[in-house]
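Dumping the structure here so I can ask a few things about it.
Letters A, B, C and D mark the chains as written, and numbering starts fresh at 1 in each.
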Amino acid sequence: MLEQAIYPLYITLKIATLSTILVVLVGLLISYLLARRDFTGKNFVDILVTLPLVLPPTVTGYLLVILLGKNGVLGQSLFEITGYSILFTWQAAVIAAFVVSLPLMVKTTSAAIGSVDRELEYVAYTLGHSELETALFVTLPLAKKGIMAGLVLSFARAVGEFGATLMVAGNIPGKTNTMSLSIYTAFQSGNDSLANILVVILVIMSLVSMAATA
Amino acid sequence: MLEQAIYPLYITLKIATLSTILVVLVGLLISYLLARRDFTGKNFVDILVTLPLVLPPTVTGYLLVILLGKNGVLGQSLFEITGYSILFTWQAAVIAAFVVSLPLMVKTTSAAIGSVDRELEYVAYTLGHSELETALFVTLPLAKKGIMAGLVLSFARAVGEFGATLMVAGNIPGKTNTMSLSIYTAFQSGNDSLANILVVILVIMSLVSMAATA
Amino acid sequence: MTGNIQVDIEKRYSGQEEAPDFNLDVNFTASNELVVLFGRSGSGKTTTLRCIAGLGKPDAGFIEVNGKVYFDSGSKKNLSPQDRRPGYVFQNYALFPHMNVAKNITYGLKGKSDAEKEQRLHEMLELLHITGLQDQYPSRLSGGQKQRVALARALAPNPDILLLDEPFSALDMVVRMRLRERIHSIQEKLDIPVLFITHNPVEAFTLADKVVVLHEGSVQQEGRPEEVFYNPCNRHVAELVGVSNIFDADTAGKSENGFVLDTDSISITTTTNVEQGGRYSWGVRPENVHLHPGGEDISGCNVFSTTVRSVVNRGASRVVAVDIPGGGSVLLSEMDNRTFGKLDIGPGSQCRVEIDPRDVLVFAREDSAD
Amino acid sequence: MTGNIQVDIEKRYSGQEEAPDFNLDVNFTASNELVVLFGRSGSGKTTTLRCIAGLGKPDAGFIEVNGKVYFDSGSKKNLSPQDRRPGYVFQNYALFPHMNVAKNITYGLKGKSDAEKEQRLHEMLELLHITGLQDQYPSRLSGGQKQRVALARALAPNPDILLLDEPFSALDMVVRMRLRERIHSIQEKLDIPVLFITHNPVEAFTLADKVVVLHEGSVQQEGRPEEVFYNPCNRHVAELVGVSNIFDADTAGKSENGFVLDTDSISITTTTNVEQGGRYSWGVRPENVHLHPGGEDISGCNVFSTTVRSVVNRGASRVVAVDIPGGGSVLLSEMDNRTFGKLDIGPGSQCRVEIDPRDVLVFAREDSAD
């Protein structure tokens, strides 16, 4: 049984790790801009990023299919240029995980950045440090707790992703059968021992995540 | 096509509304206790309530099946007493939606309650008002914004529930085929026009939710 | 013993990171008068007030107000704040932001009819001169108005005791003075004990019928303001009430004029009893250090010649720093500008210092606080 | 024009709910001296300081420091705070909590070698007497130590100007006095302009080489502390500097002794020019209202008999309130306890009031501020 759990564990960690790296990079930038800057379209960016938080995952998945499919806005260009279709690959699962977990990162991190005393940044400016230097060495270190919480929540969300992943990456054995998806398959096919192993692994990972954010 | 969307819309609203009512009642109580009281097992309650936030929905669903199934801890007693099995009914979907959206309510609301100035409560006590009266007429009204945000997020989460619902309530036409589930079926069976209608309805509902919390 | 308060409480905070070893040990009594709890921030004033209100629980002790036992660790009695119902005014007023002024003021009138509430509301609005504000929300009020609404709310239910936590610290000078007078007249009118916290010596002095001085969690001295300000019992109290000249005495003895303490090369005579060879400090308020022109011939004890080090104009007064001969210490003398003008001195001038032996305060010597 | 600052800025806040129509319009110059921006909270002091530092942008105007133009709306020049690099000390110090004292102090020494940083750190630690604290984190420091670290951090990069926002408001009296002296000596040593915000008149008077008085966003008066405190140009400034006696004059005219203003049934002579029939107010500092026993025969102008209404002991001084004959107004007289003791008066006593015509301040009459 255990060997049946190995590939789902491997592909889940791969997808969640890659997605989380992207989420942290993009999320920090967006969070800083939302918390500290005024720019035209700020509200639009905020809504666009937050939307997947309230959108049902199957809807998010469906919209990603429309976007990334061979006839989709992005997918078509990609296919024409590279001859490569992204749907039903693990890369599509990374994109799905990224889109659904980005809002968790942005909400948590922009709140943490927003609660850093602005006067500390002002002091850094008067001491000759640029906004970028100040963000890197003053603001972000002081928002560390919130950033870590956002990272852990995003990772957990990526690990647990089900609805959107099912739509854009399918549940292809040996290719995109993440743990979340495999539990469903195992449950449907009555493979209780595999389901139990996967559930135990995921519960442990979740408890570790919670301990990390507490 | 439209008529195919009516039942999913009806059953989704029914499940989400019932689940949200339960979430608000239970969530307010737990949030108040977590924010304002010290009691033994506080940490345990906090972890238990928060767990579904980081747990993959399929795992939550699987655990609910174990709990509520005919051989499950709760399900068995229920079946022996009433002769009634809750799995694969819309009531099971309400329970799934309740479990996954409760942490959103508790996190948002307990933070909002926690940020109400304690001195306002102290003043109410010195003016002769009991803790319950103070909570109802001082604390909760002042935490209104956070409570509303928690309510809307919980409703949105209940509407979007997919993984756990699929496990505990199936996707039975005319019984438990919520909109989230129907999109998946429609997508799988190539019924694009139904999928499109459902996606449009859900996107509009999500945007309304976001407007309500902003 | 109606109308009296009696407080004797202990509370320990140990092993906590922020306040490593703070122990509160407060003991005082008062009748229906205006009592000021006076001390620096962190001296335990607010904790004491909260324990009296029932918002904090002492580890041990006894609290009685108006013949009613609020707390008694012996009989395990501890009334809830709801059963004590003190009038409590918080430092930042703590008005309910979601209620208008009328609702705020009548919020404590539980079980009263609407007509009774209305009547009491108008009594309170009049008492505090805020008639016309009843429909406003707290966010629209000025600091002084908020303060008066908070007072009205605390007084509306006819409390047995009024507790005020630094009620004037956020107000500007003019508003402050008016409210001080109002509180005094309210205390006299209602004839209940009023407990008032402040770290401002002038506020303590001006308002108090009785001052209780707190330092690091324990009562140092209690008494009429004059007693505390003119006869502080130790160095801590002296520093708090503005005795800015405090020096350690090298030797102590007796002379024909009274008792003598030596510091550097000057010898200070005092009317206070000191023991031969005891370890003492002595102090004098800067306004009790009198300066005379250098050439003037004055007799008496505690007169010595010295040099002016610096003069600071404080606006309404001058502070002249003079050297204490034979050491590096500096003695401060404060006087009004008219007196200073007649002296005709400046930095480097010679002058003669005179201190009345009755103005010399003597304390047991201890390590000076930083 | 090296070493000078020149500020002439405007900033409008209109239509905002919180501050409906606040306009800042500040104009002053200063040389290498200690300038105090003095005013109530909300008078625009902090906004002005931030505009000078480049942390806020005026709508229009001109700012120059040390011959370098920081801001000029005419030529659309607006240097960033990084290019101005003022020494700025925030009210709550704003030390970086994640850096130790050494890192905090050297954080502004960008591009310097480690050896240079180390050297400058030790200079600063010595200058502010905090050697030994370099490895501590801010959370472990007392208020006074935080303050000195913040000053060290601001001064380390050799700024062209030092800006201090109410730096002493959170400190207790003793620490306050020491730091004040330090700032004065630092200003003299570094020979740069130091701009200092306060709402405390004694602090303003004691520290300032020059005082700039702000009220509701605009400069009311600028000058030496003595000028501002003893010759306030209008009622607002007078109230701020402690002229607690201000009265509207019913009529104005000329007499043989000078100029005369009538209020109720008394006639006040002043050395200030007034126009016949003009609308004036007059004021006098309470320490310039001199009292004499009722029976005493004193001559001169501004002498009248009246009744003592109340006496308040402020600890180091007494404030005696006397009636102004023929009206309901009250005149306050402040004196030291020794002088009061000699007077032998109390509430209800008769006494004679004397005011030197040179101490009578005259202002254009305006609606009194609440």
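A few points about this structure:
Quick note on the criterion: contacts are C-beta pairs under 8 Å (C-beta built on N, C-alpha and C of every residue); 3 or more make two chains touch, one makes a residue touch a chain.
The chain list, named the UniProt way, goes like this: C, D = Molybdate/tungstate import ATP-binding protein WtpC.
All values reported here derive from a predicted model rather than from experimental measurement.
The chains in contact with chain B and with chain C alike: there are none. Among the remaining chains, A is positioned farthest from chain C, on the basis of C-alpha centroids.
Spacing of chain B relative to chain D, judged by their CA centroids, is 58 angstrom.
Centroids built from CA atoms put chain D at 55 Å from chain A. Rounded to whole angstrom, the centroid-to-centroid distance between chain C and chain D, based on C-alpha atoms, equals 25 Å. Applying the touch definition to all chain combinations yields A-B, A-D, B-C, C-D. Every residue of chain A that touches chain D in the complex is listed here, in rising order: 117, 119-120, 122-130, 138, 141-142.
The touching residues of chain B, counted against chain A in their complex, run 47, 50-51, 53-59, 62-63, 65, 152-153, 156-157, 159-163, 166-167, 179-181, 183-184, 187, 195, 198-199, 202-203, 206-207, 209-210. Looking at the complex, you find that chain C touches chain D at residues 40-41, 172, 174, 199, 201-202, 205-206, 225-226, 229, 239, 241-242, 285, 287, 312-317, 334-338.
The residues of chain C lying in touch with chain B in their complex are 53-55, 80-82, 84-88, 90, 92, 94, 96-98, 107-108, 110, 153-154, 157.
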